[in-house]
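Both of the next two complexes hold subunit A, though its partner changes from subunit B to subunit C.
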Partner chain A sequence: MAEQQDDVPFYQKPEWADVVPIPQDDGPNPLVPIAYTREYSTTMDYFRAMCRAQEKSERALDLTKIVIELSPSHYTVWYYRQQLLKELNKDLKSELEWIEWMVNEHPKSYQIWHHRQVIVGRIAQSLFPSTTTTSSSTLSTAQSTEAAFAFDDLPEALKTTAQELVKSELEFIAESLKDDTKNYHAWSYRQWVLAHFGQGPWWTRELAYTEELLEEDVRNNSAWNQRYFVVTNGPGGLTEEDVQREVQFAKSKIEKTPSNESPWVYLTGVLRKGNHPVTEIKEFCEGLLSVTRANFSPFVHATLLDIYEIEAKEQRSAASVEKAKEEAIMLAEKVDSIRSKYWNWRKSQLQKIDVVA
Partner chain B sequence: MNDETTVVDASAPELLLDQHVKYIQELDTKKNDLEYWLTEHLRVNGLYWGATALHILGHSDALDQEQIVEYLVKCQHDNGGFGGHIDHDPHILSTLSAVQILITYDRLDAIQVDKVVDYIASLQNEDGSFSGDSWGETDTRFIFCAINCLSLLKRLDDKRLDLQKTIDYVVRCRNFDGGFGSSPGGESHAAQVYVCVGTLTILGAMHHVDADQLGWWLSERQLKNGGLNGRPEKLEDVCYSWWVLSSLSMLKRTHWIDAPKLIRFILEAQDTETGGIADRPGNMPDVFHTVFGIAGLSLLGYPGLVAVDPVYCMPRHVIQRIGLTEKH
Partner chain C sequence: MATTQETQATTQPSGPAFQREKHIQYFKRTLQMLPEPYTSQDTFRITLGLFAIGGLELLGVLEETISEANRKAWIEWIYSQQRIPSKDSPSEDDDALYGFGGPFSGLAFQEPTDGRQNLGCECSSHTTPYDTAHLTMTYTALLSLIMLGDDLSRVAKEPILKSLRKLQQPNGCFIPCITDYEPDMRFVYCAAAVSYILNDWSGVDKPALLNFIRESQTYEHGFAQSPRHEAHGGTTYCAIASLGLMGGDAFLDQRTMVRQEGETDSEFEERRSRAGFVDLEGTRRWCLQRQTTGFQGRTNKPTDTCYSFWIGGAIAAMGSFDLVNFECNRGFLMETQHKAFGGFGKWVDTYPDVLHSYMGIASLALMGEPGIRPLEPLLNISKRMQERLYNETVFWKK
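And then the complex of A and B:
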């Protein structure tokens, strides 16, 4: 544990002598008796006393750290800590260091990640003029793709500060992601950081970051999702040039791992967002059929099924219906039989298409 | 009760019903060291998981109802919200759990319903989302908790709410793969899909969902071993038997999952020594995976279980008793 100076529990120290600890009330017949170690139990008794009195002091702040380190998901203590940090006007930079340590210990704690967001949000608020009507009501640190600051409108000095802050947060998150590249909390917070400070240069760098991650693990669905987030929310949004580049990118990854769900879904997603018909990739898909391992990919056949189905409807072509049927049968019987009910349903839908032979 | 069906593979293990009942009754620290159950801030949630599982198993009397009600009353704060345990700050997660338990036991009379509504209404944000508590954390899970709870209390018509904004916000969380995340742009995840689809179902806004596309994404969660994962290329986990299945049920597409294979997977995750169900075969059981495994089995039509409502994750007869229109 950080900062444990000696082995004497805090509650045995003189500065705590005046506090009357409040024991746990489990009711007359405790339903789910929870075994406490004595230290934990006593610590919580003292915490309850502080909390009830809403004492705002250094020792209260110290106690919140002790409680958190014992029980990080105990959400009540986090709010109390935030209030204390504010009241006592504490240095938030050192708070960030402690949070980094805690995130390492408990990477999947909602509370720790949210605490980081609150602290960084506060740091930002103190540094930059806000563009949004962020009310003083504390209720919303809402996850949002809306920026709280108009980066472009900031004076140069503040632009630099913003970039530094964003950079250090992104580095912090990247470090955490090294241990678990799909940590949902980390990615969620990462999106907030990117969006919160407006349309700065970090968006372009983020695209390169997703590429690095996909080099390491092309099946990382979180990285694919992040890539979509970047190209659609970054400066300029999704341009035609972006669409072409992303289509090539996805195709190159598909060629390496044709049975990988993510690049397929990404590819069709980008095409749709860019108002391109999915039939555009027909040749690409048909080309994959002659590659044996690709031929066993459910996604090659599923995409061709979609394409032939669209063609059948648009051209009222019986030949296309037949080709689509073959794909559905291939999927139901050979390549993806666990989902045979779904593929057979798709096949049944094909019968309904109006054709002129 | 579910009818006799042919969904169970002859080679699948049997449901250790009595052992699960005993497991839940005996949930105390001497026998188990389960993070979810033992962590005091989750006590109310844990009670909901345990009570719901017992109801689905047909043993609604297995816990002392009076004790539970007395305990929950102590968890309600002046502002109407319920904490996760006595002396814990109110939170929307535990508020929903408390209300679900009380309605299941038909003891809503024991608490201040108006105040619960006040509390939830106070948590709605400008953009239509809901925060988990006055601390401000937002997540689509909290939207579902709010809407679910208000729906159970028949108070969705409260004038302080802007439900259209809530719908708009949830729609912003819809992704290019048809799924939903915890916030706009957040990766699609089966649990987030459940809470978003649940919200839209309750609010009558399912036309915003591409049922075929999402149904396919959900069916893709099934792996060769029969289990379900929550996102592409992640491991199977019994709790997804609920998140994925209930979503498919709301989309009227449960048949897109191979039921016998999934049933076998859930049953293999049972602990034959202690009872209870784990996240996957061979691991330690806990009450969270126990309830969602059992609820999943019920949705799949496993014989001998009480029918569960896919939207509320409560016994179907309870939802019918309180007069909520069947939305699925």
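And then the complex of A and C:
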């Protein structure tokens, strides 16, 4: 994606002749020196000169791209580039194309994803001028996770624009996720897009998206986390209807893959958020005990241990303590022995429960 | 529940041996010169130095392998990365951020002459934001200075604390510097560690910080990078270690706290609001559940050497390291050692890198491996160096 097609380094071209490069002064005995290439150290010498002069020009903009491609985690070059893009009034759409290319090369770079967020935030500001996220400081603009606008209040034409923008961002992220369905930065940026553009038609689509991903890989914990994000942050929050639907959804996945941790934690998480006691799923868990494959799942037994322990405390029941102990022993000795020390500790805690005989 | 400090490995480990000598050579080579592929981490060079020095310290050979001349020289080099206010600039300079930064700036290395010591590059109001200090560099510089034998007397504390206040966000989180706006849990930890080392929390709004940490606990009970993201081993360590460093009520569980004698209802509620955990037991369980052989960083992800430290360290900070399965954890770590080069890779049959090599040693330190110094999990340094912090550095010693 570099503009130069020939092999001559930029600093040997006449348009750079007036610049006095500034060398890095590492002193006589530096800590952990790195074997830089000549290309890198010279490029950085010129970059230092641009920074010192705080030059705002096309050549400075070109240089930020070269530096970024050599050193994507450099912690000031992105800011410099963002300032230049603004001052030179550059076309942000082509910037988005370059970022897409960079994300493919360096999918795990914090800075690249954040740069996308800054650029998209600026595009949104220019399209929706009454947005609430303007900041008068020199800090990058896309800071707030509050919604940029209220979708329902937008005029029809702007509604279409908003939908297109959000759709293209979500598609960009989905494309990147195809290479690595659990890329933390991609998911983090996805949540920002949804939160920044607020409640709109894309939220119901997002629930379906998590379902698609879980069809492909029911063990994708990032998709489960996203699902939790959608159901608890969507319009109206988590309703009772949502709770029932999600409980059924999680249970159906558990029945398919009972030793898969993700739907178990999701299920108990949704119950808790919806103020339902975990003891509600006792029958479901006990039912799994007679399914051969499920009987070996540590999560069936761990959940039953939790349930029987709660019952023992609430009802002061010695019988429940016994059932809980059996589960702890099953876990320590048979189905989850790597954590035997933990399950044995849980068993010892059961002795302390105050029961009536 | 017993803590791990006194625990020794009681069974003779089977499988590949711990290649202590090879790791020493690996860290020594790192300090001489890092190969070209590390260029992409150039701005974070101080952190690489910390891992190498820290690795040698945990292996018990720091003073033996790093000469006094080098220790002194590297102390000077680190101080030359310090950004301090210039005498000319007004004290309320909006754009300047103080502390330590990357070495790429082109600021002159000031060789000490006539016994005048290197105080660090001056940071006048004309310095550009591109030369800025960075919170991670500040944290790693301070730790490195301590290990190299410096008493921190040249550290400009007040400017650092003032900068911390600028870096804290309304929601309690921290960003590392003005030019890199990434608010997340990693920088919460850096801010907490810096405050602890400087023995001064006036740079941090603690209630806001506590609130951010609490908000970042997910339905899985681990801690995410930011609220609503996925629970993750690295950020769980950062959250828990920050709570531990804050001390006091920060490390109590809101759900299990008990009223103290003579405490009124409202006093108790106020104290509860300062607690860091909504659910300590859930956090511990999530951490323990990450062990498959070594540890994974997130549910259903592969194991990786560094999580034996991030998750192991979090468990140790919660006082429950005795519940970890030592044999499986150690077995995995022995496999990720690189047989030819020394050091550790993230997986089996992977090239070593400086970060994973340090993490491998630190993880073994938590288990009391013979030949490795005991580790203090909250600050991630050896106990010996923690003593040095308390007894020999200017912000702590009596």
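The working rule: the second predicted complex is superposed on the first by the 338 of 357 C-alpha atoms of A that agree within 3 Å, B and C clash if a C-alpha of one lies under 4 Å from a C-alpha of the other, contacts with A are read in each partner's own complex, and residues count from 1 in each chain.
To be clear about the criterion, contacts are C-beta pairs under 8 Å (C-beta built on N, C-alpha and C of every residue); 3 or more make two chains touch, one makes a residue touch a chain.
These figures come from a predicted structure and were not determined experimentally.
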- Put the two structures on top of each other at subunit A: do subunit B and subunit C fit, or clash? clash
- Task: Using the touch definition from the top, say if A:Q54 reaches subunit B (first), subunit C (second), both or neither.
- Result: second
- Is A:L70 touching the first partner subunit B, the second partner subunit C, both, or neither of them? second
- Task: Give one of first, second, both or neither to describe whether A:F284 is in contact with subunit B, with subunit C, with both, or with none.
- Result: neither
- Query: For A:W16, is the partner it touches subunit B (first), subunit C (second), both, or none of the two (neither)?
  - Reply: neither
- Message: Output check: A:F296 vs subunit B and subunit C. Expected answer is one of first, second, both, neither. What do you get?
- Response: neither
- Message: With both complexes superposed on chain A, which partner does A:F229 reach: first (subunit B), second (subunit C), both or neither?
- Response: both
- Message: Identify the residues of subunit A that lie in both the subunit B contact region and the subunit C contact region.
- Response: 24-29, 31-35, 48, 51, 71, 73-76, 78-79, 110, 114, 118, 138-140, 143, 182, 184, 187-188, 191, 219-222, 225, 228-229, 233, 260-262, 265-266, 269-270, 272-273, 338-342, 345
- Okay, in this complex, where on subunit A does subunit C touch? 22-37, 40, 44-45, 48, 51-52, 54, 70-80, 110-111, 114, 118, 138-140, 143, 182, 184, 187-188, 191, 219-222, 225, 228-229, 233, 260-262, 265-266, 269-270, 272-273, 338-342, 345
- Query: In their complex, what parts of subunit C are in touch with subunit A?
  - Reply: 1, 30-31, 33-36, 38-46, 48-49, 52, 70, 73-74, 76-78, 80, 95, 102-109, 111, 128-132, 134, 144, 176-182, 218-220, 225-226, 228-232, 285, 288-289, 291-292, 298-301, 322-325, 328
- Inside the complex, what are the residues of subunit B that reach subunit A? 27-30, 37-43, 46-47, 63-64, 67-68, 70-71, 74, 83-84, 86-89, 91, 123, 125-127, 129, 131, 133-139, 175-177, 181-189, 215-217, 219-220, 222, 224, 226, 231-234, 255-256, 258, 261
- Message: Could you list, by residue number, the parts of subunit A that touch subunit B in their complex?
- Response: 24-29, 31-35, 48, 51, 71, 73-76, 78-79, 82, 110, 114, 118, 135, 138-145, 182, 184, 187-188, 191-192, 195, 219-222, 225-226, 228-229, 233, 260-262, 265-266, 269-270, 272-273, 338-342, 345
